[in-house]
Amino acid sequence: MSDVKKVVLAYSGGLDTSVIVKWLQETYACEVVTFTADIGQGEEVEPARTKAQALGVKEIYIEDLREEFVRDYVYPMFRANTIYEGEYLLGTSIARPLIAKRLIEIANETGADAISHGATGKGNDQVRFELGAYALKPGVKVIAPWREWDLNSREKLMAYCEDNDIPVDFSKSKKKSPYSMDANLLHISYEGGILEDPWAEAEEEMWRWSVSPEAAPDQPTYIELTYEKGDVVAIDGESLKPHEVLAKLNKLGGDNGIGRLDIVENRYVGMKSRGCYETPGGTILLRAHRAIESLTLDREAAHLKDELMPKYAKVIYNGYWWSPERRMLQAAIDETQEFVNGVVRMKLYKGNAIVVGRQSEQSLFDESIATFEDDAGAYDQKDAEGFIKLNALRLRIAAGKGRSAS
Amino acid sequence: MSDVKKVVLAYSGGLDTSVIVKWLQETYACEVVTFTADIGQGEEVEPARTKAQALGVKEIYIEDLREEFVRDYVYPMFRANTIYEGEYLLGTSIARPLIAKRLIEIANETGADAISHGATGKGNDQVRFELGAYALKPGVKVIAPWREWDLNSREKLMAYCEDNDIPVDFSKSKKKSPYSMDANLLHISYEGGILEDPWAEAEEEMWRWSVSPEAAPDQPTYIELTYEKGDVVAIDGESLKPHEVLAKLNKLGGDNGIGRLDIVENRYVGMKSRGCYETPGGTILLRAHRAIESLTLDREAAHLKDELMPKYAKVIYNGYWWSPERRMLQAAIDETQEFVNGVVRMKLYKGNAIVVGRQSEQSLFDESIATFEDDAGAYDQKDAEGFIKLNALRLRIAAGKGRSAS
Amino acid sequence: MSDVKKVVLAYSGGLDTSVIVKWLQETYACEVVTFTADIGQGEEVEPARTKAQALGVKEIYIEDLREEFVRDYVYPMFRANTIYEGEYLLGTSIARPLIAKRLIEIANETGADAISHGATGKGNDQVRFELGAYALKPGVKVIAPWREWDLNSREKLMAYCEDNDIPVDFSKSKKKSPYSMDANLLHISYEGGILEDPWAEAEEEMWRWSVSPEAAPDQPTYIELTYEKGDVVAIDGESLKPHEVLAKLNKLGGDNGIGRLDIVENRYVGMKSRGCYETPGGTILLRAHRAIESLTLDREAAHLKDELMPKYAKVIYNGYWWSPERRMLQAAIDETQEFVNGVVRMKLYKGNAIVVGRQSEQSLFDESIATFEDDAGAYDQKDAEGFIKLNALRLRIAAGKGRSAS
Amino acid sequence: MSDVKKVVLAYSGGLDTSVIVKWLQETYACEVVTFTADIGQGEEVEPARTKAQALGVKEIYIEDLREEFVRDYVYPMFRANTIYEGEYLLGTSIARPLIAKRLIEIANETGADAISHGATGKGNDQVRFELGAYALKPGVKVIAPWREWDLNSREKLMAYCEDNDIPVDFSKSKKKSPYSMDANLLHISYEGGILEDPWAEAEEEMWRWSVSPEAAPDQPTYIELTYEKGDVVAIDGESLKPHEVLAKLNKLGGDNGIGRLDIVENRYVGMKSRGCYETPGGTILLRAHRAIESLTLDREAAHLKDELMPKYAKVIYNGYWWSPERRMLQAAIDETQEFVNGVVRMKLYKGNAIVVGRQSEQSLFDESIATFEDDAGAYDQKDAEGFIKLNALRLRIAAGKGRSAS
């Protein structure tokens, strides 16, 4: 083992990361600093303090990062209408860069020379944590216990706990579940268990954040989202901070059966995996943002955004938030959002998030031009002939030279 | 007026195109050939014969193009998971190339030197018809009455009918509607009327192909779609032709409140317009195709498809089906579909088309690799370290040279 | 003719635009304001004053825009390594947005309601002028005489001059040439004449800015270009303004036979045309910029720039400088240039502009990592195995399922 | 060491791979099969037989792959006008997939369970060999001695030779050089030595395939290349096979000082490296292919190719020739080449490969449309007004709503 003096661990307070605290102390004979963040996962973070203390940790960081998380990560991502592989709203991916950043900042504050995390060696999260860490502190040592130790089964972990006096009720903080779960203000995810068969339908009892469409109210809920520069700043006229917006939309969406997703996705490490996600607020946000852009964004800017989006999604999914290419894409995206202001009206009903109206003082929709009625010269229909003729010219020349177009 | 001898008109049998028959005969003193196609718009096409005869037309083409339409246009488009501006399934756009092709083929058969259509000078359809026509017959003359005449209001049209003995009940073939509508097997669209205010919610009575989610059954419907090379070939085990698949999915989707869309879109001619669409079958197809691809398509092929898709959608939306760039994109897309075989199981419920299972003999999902359980060497978690280290190298070098990543 | 009171004309002082002054005065019975700019075309602009006065023009604008041209248009374009269709350095395209901007600003200052230019109806320049004008002043009237009048041959123009007392020696300002030419600090272009046969080799006497490689000196010239944030700020250590840099590189390049180009290009209006170009300084700049980026730019940022470049080139070529999509692309490009600092050493010799060295304090080249010699742990070769294994995983799974990769 | 029975080695006959034969026999106690290919590297391959025999190898493959190499790898790549990072013609990258394929085919023929190569752990070639091998035979074992052994310096290698009776004159097959070199019909490359300082100019004596521009003849050489479907099939009217074309162009280019390149590039493994390349024939081919395309390819197809090219180049550079995404891109590229037929005339002179003429029966260049002279209606200049007006519409609406375009 290399010479590590102090390591900052992303500590959830749960069983796995508690084992990691012990394992790090023993294996590396180093001091462990724990870092526990509230990013809206819906569990108390304060209990992590006592647990960490019980494990002999002296430097304990517990922080509420919800506002920063939504303001600086979730919101910029939604400006791009980001979806990975046509479906996934990147709920897990977008939380990792912030955790990586704080791990490194705390390492710098505490004089630690290493960081550690509880992600396995098969998933994307290890990549996201570590790419972030290396980008922010190139000489940092990263310890990924799941890739190093031999505790890679539930039984071995339990035995380790017993041997090391780690109270197993640590695990009660998460309700016993057959699924591997991850949650933050944007989403909760489920993997493993019966989901490993992609033909098997997810059980109703698995879902935690939303009622089923069947169980949702029979009456629709209407809401109005106010946008400024591409970000939601108010719901139904009430000004809210970014994380308050998302929390409220999660409640509204979840109550109306909105935001469930069941997909097979391609991991960066090369395999396919099946995951289920609940993203109630995010699902509403995506629709609404497209709606306000549809009114206020120039066509070619919108199309260029659409062409760049898959790349941007991939950059985030693969863990390259802290990279030059992400900053480059963000600069292009943010450049377009200045006039993305206005109000979107939505109807939420049994799984559906439906846009029913949109308005903006910066609207580029021009009724006088688009109308089917006679208009007074705002648009000369005869211009269309020249437009078509010149756009057709290359096709006509080719056909005239005997090339078949069909 | 230039010297036109015979013109082939895309003739619906409705009032507008009946006026066009007369207007062409008078204005150009030419013979008119009518062409009426059943592409699944849900109206009888045979009555167009009598109407055309009454207008003195001698060469009358009436054809059932439903199978060709879905097989050669809709299906290839869905292989690309095509959506325009993140929302629109291109229901109108995809029907135009086929009409343009038949207009030109009929012109060649009948010795006509011109074609004509009833699209206005403000919309996309004129562009799509005419680009197709020019690409397929470069010397053809195109007559677009709405850009030429001065009958550009309902009143003037009616007066023209009266002056020319065109029976106004011609218009009864379409139920009186305040909306401009267009329909084919893929969708029905609505524009105009109160929709010209993008803040106004569409009225329930406008929608024709689907019940509202509220009015849909309280019990879900489960279906299984069988794919071969990216195309649906059977529903619930029953083999169907492409247009039968789409017709059946339209019924299933419409009955379950699926496929309504209300958007503001950017037209090729430069303005924004608001449209409402019902695409019940197409909405199901899009989800299902992504699901079968998620299991059977290589990651990088899938991502490249996603990057190309917005361009492909734009090519179709703008009317360039009969172009070298469309063929080029199609070649890339079709290359990927060889192994897109298998079955997708979906749940249809009150507006939701939910993927609940997918299976394939060509599945690239490998349970033994993706599992959270201990595995026997199919995947060595230690490989992840090297993977991350080398992917991080450029970021570490940059950070090491003092560049800030945040 | 519509009601035009005052029109600002892009006036070269040559025969064609002098005819336009007269024709505008007569046809529109309006006042004409002339605008003549020095953008480095290599001709005196001051003589335009007397000529305009002789034509009765009262408001005459003559301006030296060389610095602004290079600083705000040429330099931003070169940051993207911009080339159209793999060859063309956009010398004509990049000058148009500046002219359009000044035409509109002068229209605003002088209370003019229209602008006019001398570009023909077949070329790209009309599009570039007019798109710029409309984007900057949406209600402006644009008068394009070449699309309106019937003076479309040399003979008719001459007759018009005679009839209207326009001194034909106006045309002497340009040496008599069989080619249509355009020049500014970035390039000089040739079209027409024997070039209309793409098989015909351009004559040696056509070229004006460069000697032939054969006639260039037998000794190479070495130069060093200093970059700051992606722009050249000094040559051989001497600080220069942007337009001074370009002028000096034109001299150095031209003397060494550098920068000739002979291509067939695709115009935005739909046809192919053959053009010859001399871009001595630009040719050097393109090579040098790539060289300094090769040392200082992150790999993925560089690759993303390369993917965006063709789009950016097309935007400029087609005349959309003053568009949201150009600003969006520029934001992405400029974001990457912060560390593009350093010195490039080049050898100029008989048509060749050869990079022979590059250095930078922000260099990301790390000799200790790249070296073939034994190194002490900066890079662990064993990491490569995991890197390859995980990158190969998707390919192995596919092959394992029986898919042939060849 | 895992249980390897037989390994196929890419064997050059040089010192390094001879050491590898011995090392494999000893370390893995396995049989070694050698595979030596003539891909135009300019050295005899037959002597490898005696050397392999001397090392106790029983199964020896020696093959002339020059035709297959150029026909199936180099030519398809040039159809895309492929360049990596704006400069590099991928000479090394494109040879690896063929070697990987033959290694695997031979492994299948000889019943070998492993392959091995002599690429180091820092370069791209290990990745290219191994990705290809895994894609073609997913269960193959790959042995990369340079990542495993401790012979990583010249001294240790020599000591190993002495200890194992490997004749050191093995190394004489390559002239002693301070550079790491690689050659095939497309190029020869140089790395290491003084090139590790990117500011240092390459020495004249380093270059092997070309004279310097200074030393090239004072008279230009003119050649004509005949294209069929995007590939050169004849030079100066003489039909040649693909590898004969490339060999002849290498001679012509090299004699005229054409094809030297000196760059810093970004390796897939994360570092920058400096390389010098001689690609005489390839440099001519790239120019010529663009020229024949400029005449025969549709504009939008050409532009789409340009947008896809950087991605295609990256796929090849990174070693993903045997991947679904490469096949997908190739399908798109090949779709466009049907009409890329004709003749390109070039002038070769002291480092310059200049296109001076191009002609084609499939030319889309239409003199009657492009001409500056009066024409008879092939193109109506008035169409340009409508074309510009509608293209400007979105910009005018935005400006009309008060958005500043500048």
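Which chain is which? They are A, B, C and D, in the order written, and residues in each are numbered from 1.
In this section, a residue touches a chain if its C-beta (ideal position, glycine included) is under 8 Å from a C-beta of that chain, and two chains touch if they have at least 3 such contacts.
In this text the structure is predicted, and so the values were computed from the model without any measurement.
The pair with more inter-chain C-beta contacts, choosing from A-D and C-D, is C-D.
If you match contact pairs by residue number, over half of those in A-B turn up again in just one of B-C, C-D or B-D, and that pair is C-D. Per-chain CA centroids place chain A at a distance of 40 Å from chain D. Computed from the mean C-alpha positions, the centre of chain C lies at a distance of 31 Å from the centre of chain D. Looking at chain C, residues 266, 269-271, 298-300, 311, 323-324, 363-364, 366, 369, 379, 382, 384-385, 387, 390-394, 397-398 sit in touch with two or more other chains. Within the complex formed with chain B, the residues of chain A that make contact are 81, 85-87, 101, 120-122, 126-127, 130-131, 134-139, 144, 146-147, 152-153, 180, 191-192, 196-202, 213-214, 218, 220, 260, 262-266, 269-274, 290-291, 294-295, 299, 302-303, 306-307, 310-311, 314, 322-324, 345, 347, 349-352, 354-359, 363-367, 369-374, 379, 381-382, 384-385, 387-388, 391-392, 395-400, 405-406.
Those residues of chain C that touch chain B in the shared complex are 298-300, 339, 362-364, 366, 369, 379-380, 382-387, 389-391, 393-394, 397-398, 401, 403. Interface residues of chain B, counted against chain D in their complex, comprise 266, 269-271, 297-298, 300-301, 304-305, 311, 320, 323-325, 327-329, 331-332, 334-336, 390-394, 397.
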